[in-house]
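A, B, C and D label the chains in the order they appear, each numbered from 1.
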Amino acid sequence: MTQNIAILGASGYTGAELVRLIATHPSMRIAGLSGERKAGQSMASVFPHLRHLDLPDLVRIEEIDFSTIDLAFCALPHATSQAVISKLPGDLKVVDLSADFRLREAADYEKWYGKPHAATELQKQAVYGLTEFYRDEIRGARLVAGTGCNAATGQYALRPLIAAGIIDLDEIIMDLKCGVSGAGRSLKENLLHAELSEGYHAYAVGGIHRHLGEFDQEFSKLAGRKVEVQFTPHLIPANRGILATVYVRGEAEAIHAALSETYADEPFLQVLPMGEAPSTRHVRGSNFCHLGVVQDRREGRAIIVAALDNLTKGSSGQALQNANLMLGLEETAGLMLAPCFP
Amino acid sequence: MTQNIAILGASGYTGAELVRLIATHPSMRIAGLSGERKAGQSMASVFPHLRHLDLPDLVRIEEIDFSTIDLAFCALPHATSQAVISKLPGDLKVVDLSADFRLREAADYEKWYGKPHAATELQKQAVYGLTEFYRDEIRGARLVAGTGCNAATGQYALRPLIAAGIIDLDEIIMDLKCGVSGAGRSLKENLLHAELSEGYHAYAVGGIHRHLGEFDQEFSKLAGRKVEVQFTPHLIPANRGILATVYVRGEAEAIHAALSETYADEPFLQVLPMGEAPSTRHVRGSNFCHLGVVQDRREGRAIIVAALDNLTKGSSGQALQNANLMLGLEETAGLMLAPCFP
Amino acid sequence: MTQNIAILGASGYTGAELVRLIATHPSMRIAGLSGERKAGQSMASVFPHLRHLDLPDLVRIEEIDFSTIDLAFCALPHATSQAVISKLPGDLKVVDLSADFRLREAADYEKWYGKPHAATELQKQAVYGLTEFYRDEIRGARLVAGTGCNAATGQYALRPLIAAGIIDLDEIIMDLKCGVSGAGRSLKENLLHAELSEGYHAYAVGGIHRHLGEFDQEFSKLAGRKVEVQFTPHLIPANRGILATVYVRGEAEAIHAALSETYADEPFLQVLPMGEAPSTRHVRGSNFCHLGVVQDRREGRAIIVAALDNLTKGSSGQALQNANLMLGLEETAGLMLAPCFP
Amino acid sequence: MTQNIAILGASGYTGAELVRLIATHPSMRIAGLSGERKAGQSMASVFPHLRHLDLPDLVRIEEIDFSTIDLAFCALPHATSQAVISKLPGDLKVVDLSADFRLREAADYEKWYGKPHAATELQKQAVYGLTEFYRDEIRGARLVAGTGCNAATGQYALRPLIAAGIIDLDEIIMDLKCGVSGAGRSLKENLLHAELSEGYHAYAVGGIHRHLGEFDQEFSKLAGRKVEVQFTPHLIPANRGILATVYVRGEAEAIHAALSETYADEPFLQVLPMGEAPSTRHVRGSNFCHLGVVQDRREGRAIIVAALDNLTKGSSGQALQNANLMLGLEETAGLMLAPCFP
């Protein structure tokens, strides 16, 4: 049976990535695409790489007849998402890719996003969308909140270690490198090619990046105590990819074993042989996440390196994986594309 | 029914691209992979982006049992290919990605490749693999010769115009820009990142690039007279993509009409609206070719721009398309992946 | 004697490039920097790569005391430049980097820029800033109009051939590739890193690029008859560099001789040995222009390839070279920096 | 008085960078250039970006008449350097850019480089070339050992803090990102453009990178006790630049003060205002190093970020700075080039 899908905010990168993935999905059909500023335009004009597909034109959200839609992806900016989802039919399944429903507590949302949450009832219903760790809740959810792309990467590296109690919870440092597309298709001077290419820098240094809200929430819940990691993201001149280098106190062998065991049956999580480290180029354009563990020369210290594609496993691929679960489909449907290298 | 596939020369980029595409093919199974220098290694170690796939290890060619193979892709270097294919079982279907069987005349081969052809009987059997123009011959062929990637791009732009007799055959200039992966995974100083990135240059200037052998052969045959184009390739700091800018004498409207009509039912050839020009970034990682036509300010002159991905439509995607035909499968099987942008 | 220099529009790339070059100039001192939207900010905050220099803060133009200024560079947008220069003291030497004074005829300006020229008296005084061909006029000029960066590149390749009467004036095709910085520091979606990197495309196809106004003017004047070239620019994923591949009818030997002779004593123009072609990476960050000539396989046809850095020889370096002449300084002062490779 | 300079190993990137810098040096003259495999070739053919310079051709080392040379830069591979320098005239001033003389103890050399040192007498004479901290010794030295490029970056961030005793010496983590040119002009598969661009990865993970030998030596000496940092380098798809993100225990204010005070009079070291972080793009092609300090959200923890150009301040610029001192010249001569951005 074909599932009718709507994508709200289809003129941004995560929207386009959803279309790319659904294009080879065996049982989904794109029935509605919205894009406020580009309403009236064809997807071929907004994203010429999708011109071979038979897609509806972009419309305003209110022009979509949601009674015919089985599931909507909401790829809108933060805050806008709250307002839009509040007005959607109450029984429509929704996967939200914004930050609006990632944090469980209204106070946390306000702390990290600087204004009160405007849809606290919805916030309570939402399930956190890190598929491998919330699979059961996602299956039955009406609203799933896609994780931050950095937040997903760091959690894949750390959750099994925190759960197993094999690392020092007060001594976690995550140095993360991310590609440019994570910042979206927004007109900012620092995102211009001439500004970004050929150089790299740290940003949001000192523990102020919003994805820390997710780390704090998830790691503390998992550990049963407050956990605060150190986290520094860096912007790298490449379009896709997140590489998290995580410094922990613990035994590398035990860490490798915990990751290997946790992800043994996971279709998208690949733990490399002990001592090897992954590269973002080898997961590019795919839903895979590669993880490596190396023992440091200093005893009792280990480094975990995790790599994924921010637009796929970090957002749109994750969203599709969750949608598959919510619709009772094969979890991997449309997601087994091999990475595109070189 | 599953078709057993062998890929000879699987440690290069076109070999890896074949694996990437076949990974989502509904009825092909990779049964043998050869790589002389890397025999004994796993594909995961040679191409970590393929590590999620269940693939045979790389072996030497003689270790493959060809009695179980339905079709072999031969992604070996020029000259090596002749020697290897000569020794394969005579009834084994083969798609060759090298330059060895592209030229119909032994003399032409010697002229462009600098040494006599060593398998002239095979050369006679081979069918030129530009799918859209040799479809029927390819269906029945035992040996198909994949075209040069630049040669494919230029022919998509020009064949319908030559066939329709609507351009001046003595005044064709093709200025072509190609990405880095077309040069393969070979250790040459000028292919290093530090040498290539941030700059661009013309090479093989003056009509000495080997793909001219294909242009001369195909255009002359099509026109029924000698046709010699001017052709200058340029190396661009990007991994994938060929953009051919072709300057002709003729009416843009007639040219646009000829291209549109010729490719009306072609699944992979997309003619843009009159006056628009394509970009390599919008075909990246896919088997599509985008074509645009623009009228020049000088009357009677037009520009055709063609864009494709050299590793896909320019080589491995084309090869798979041909293999599908040779095996009686759906021509587009495994090839409908949307381009990967950004 | 130190010359006091003002740069109007110093918050853009050509403004920053002027500062970079003047930083090592033996006898210039930057005495004023304007930037309307960023007035009040330090250059270190707008361009952190200049933070080691002792520079005045950005101010509004009217805050600069021009009585103390010996020469002003005007790096403002088209149209704005006319308005601003009209109000500057009439005896102030000015090098304009905009397009406002490149075309000699008001009608030509209106044709290519879509609106009437607002300072036609100034337009008459202006000298066209292609240093090597207007050196004497520039020395005595009050207002010099910097050339278009593409226009400079193409003229270096073609002027000596047109002057010598050794090519067919009706059969000139220029296929040009340029880097990203030529488009300036403007917030346009197509200039974002995620849009631009990894792909390339033709733009302004068909003879509509504004630099054609300069080609038409200069080539026609030089030839004493109307000359209209075909010209297609392409945007390449690199920050700096212009490569012009020019297809002409003529003898390569004669062409090489004409270029070699014309540029024999020029400090910045380097003609490569016959048969070699230049690369943009070898002129990067410098004021040099490299030129190559190759004979085509088709008799009587040749290819000239010219490479320069659009921000240096194509705009700010050219501007400084002209300013040196206007101020009676050594023409090469501040301009002998070697290219930055890799 | 003009100083005659020889560069041994001038066909690699650090050799070319030396030539680029010396090209605008007021009192140095390049009198000899060696390159074993490329002996007999002109520099213009090996490095076309230097073709405007009047340089001697590459020769074999033994063809250089060292009696006319005032100072030799030795830009040869590790181990080769020892052998070559041992045979140079004993009174010739030498700046070595290899790793051969960085470590003071023969045992340390053997530990990190895997074989015994072959010139232990020379090793004893050599002065460690981190200019700002060994200025007096360098002035009087006959042989100066250029530091590792990563080693320089990390030391600029950390030495003032260790000297001031304001950070916990057992809790230092350095996560470093470096560009491609640091690996040299060597033919390795992983340095190809198609392999490197568009992705990033950690290498030498776990404390095995050779520059740790320098950190251990220098930090332990400075602290008067054993200091072992954690260090993970990453390879980034850009040609130039090193960014070190250093995680320490200490007060950010005190750290910022210590850096600011230490570098107050240094011409090339720029400490950014508290809370700001530098970018490699803003030091590109220059001898400057930018340093930033940020307080972490976790009390008592701070992040220091240091950026420099590996080919300039990290190797050839440092080498020239040291040569200036050794020859009694102005320390900054030839080194005040502004960074090349964009």
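Just so it is clear, a contact is a pair of C-beta atoms (placed from the backbone, for glycine too) under 8 Å apart; a residue touches a chain by one contact, two chains touch by 3 or more.
Keep in mind it's a predicted model, so treat the numbers as computed, not measured.
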More contacts between chains, A-D or A-B: A-D
Length of the line joining the C-alpha centres of chain A and chain D, rounded to whole Å: 39
Geometric centre distance via CA averages, chain B-chain A, whole Å: 36
Overlap residues in chain B, where contacts from two or more other chains coincide: 13, 180-181, 194-195, 197-198, 237-240, 278-279, 281-282, 284, 341-342
Chain contact graph, described as a line, ring, star, complete graph or other shape: complete
Parts of chain D lying in touch with chain C, wherever the complex brings them together: 13, 16, 19-20, 23-24, 47-53, 180-181, 198, 239-240, 267-268, 270, 278-279, 281-286, 288, 290, 336-342
Chain C residues within the chain A interface of the complex: 13, 180-181, 183, 185, 187-189, 191-198, 237-239
Touching residues (chain side chain C, partner chain B) in the complex: 173, 175, 177, 194-195, 197-203, 205-208, 212, 228, 230, 232, 234, 236-241, 243, 245, 247, 275, 277-282, 284, 292, 294-298, 301, 303, 305, 307, 341-342
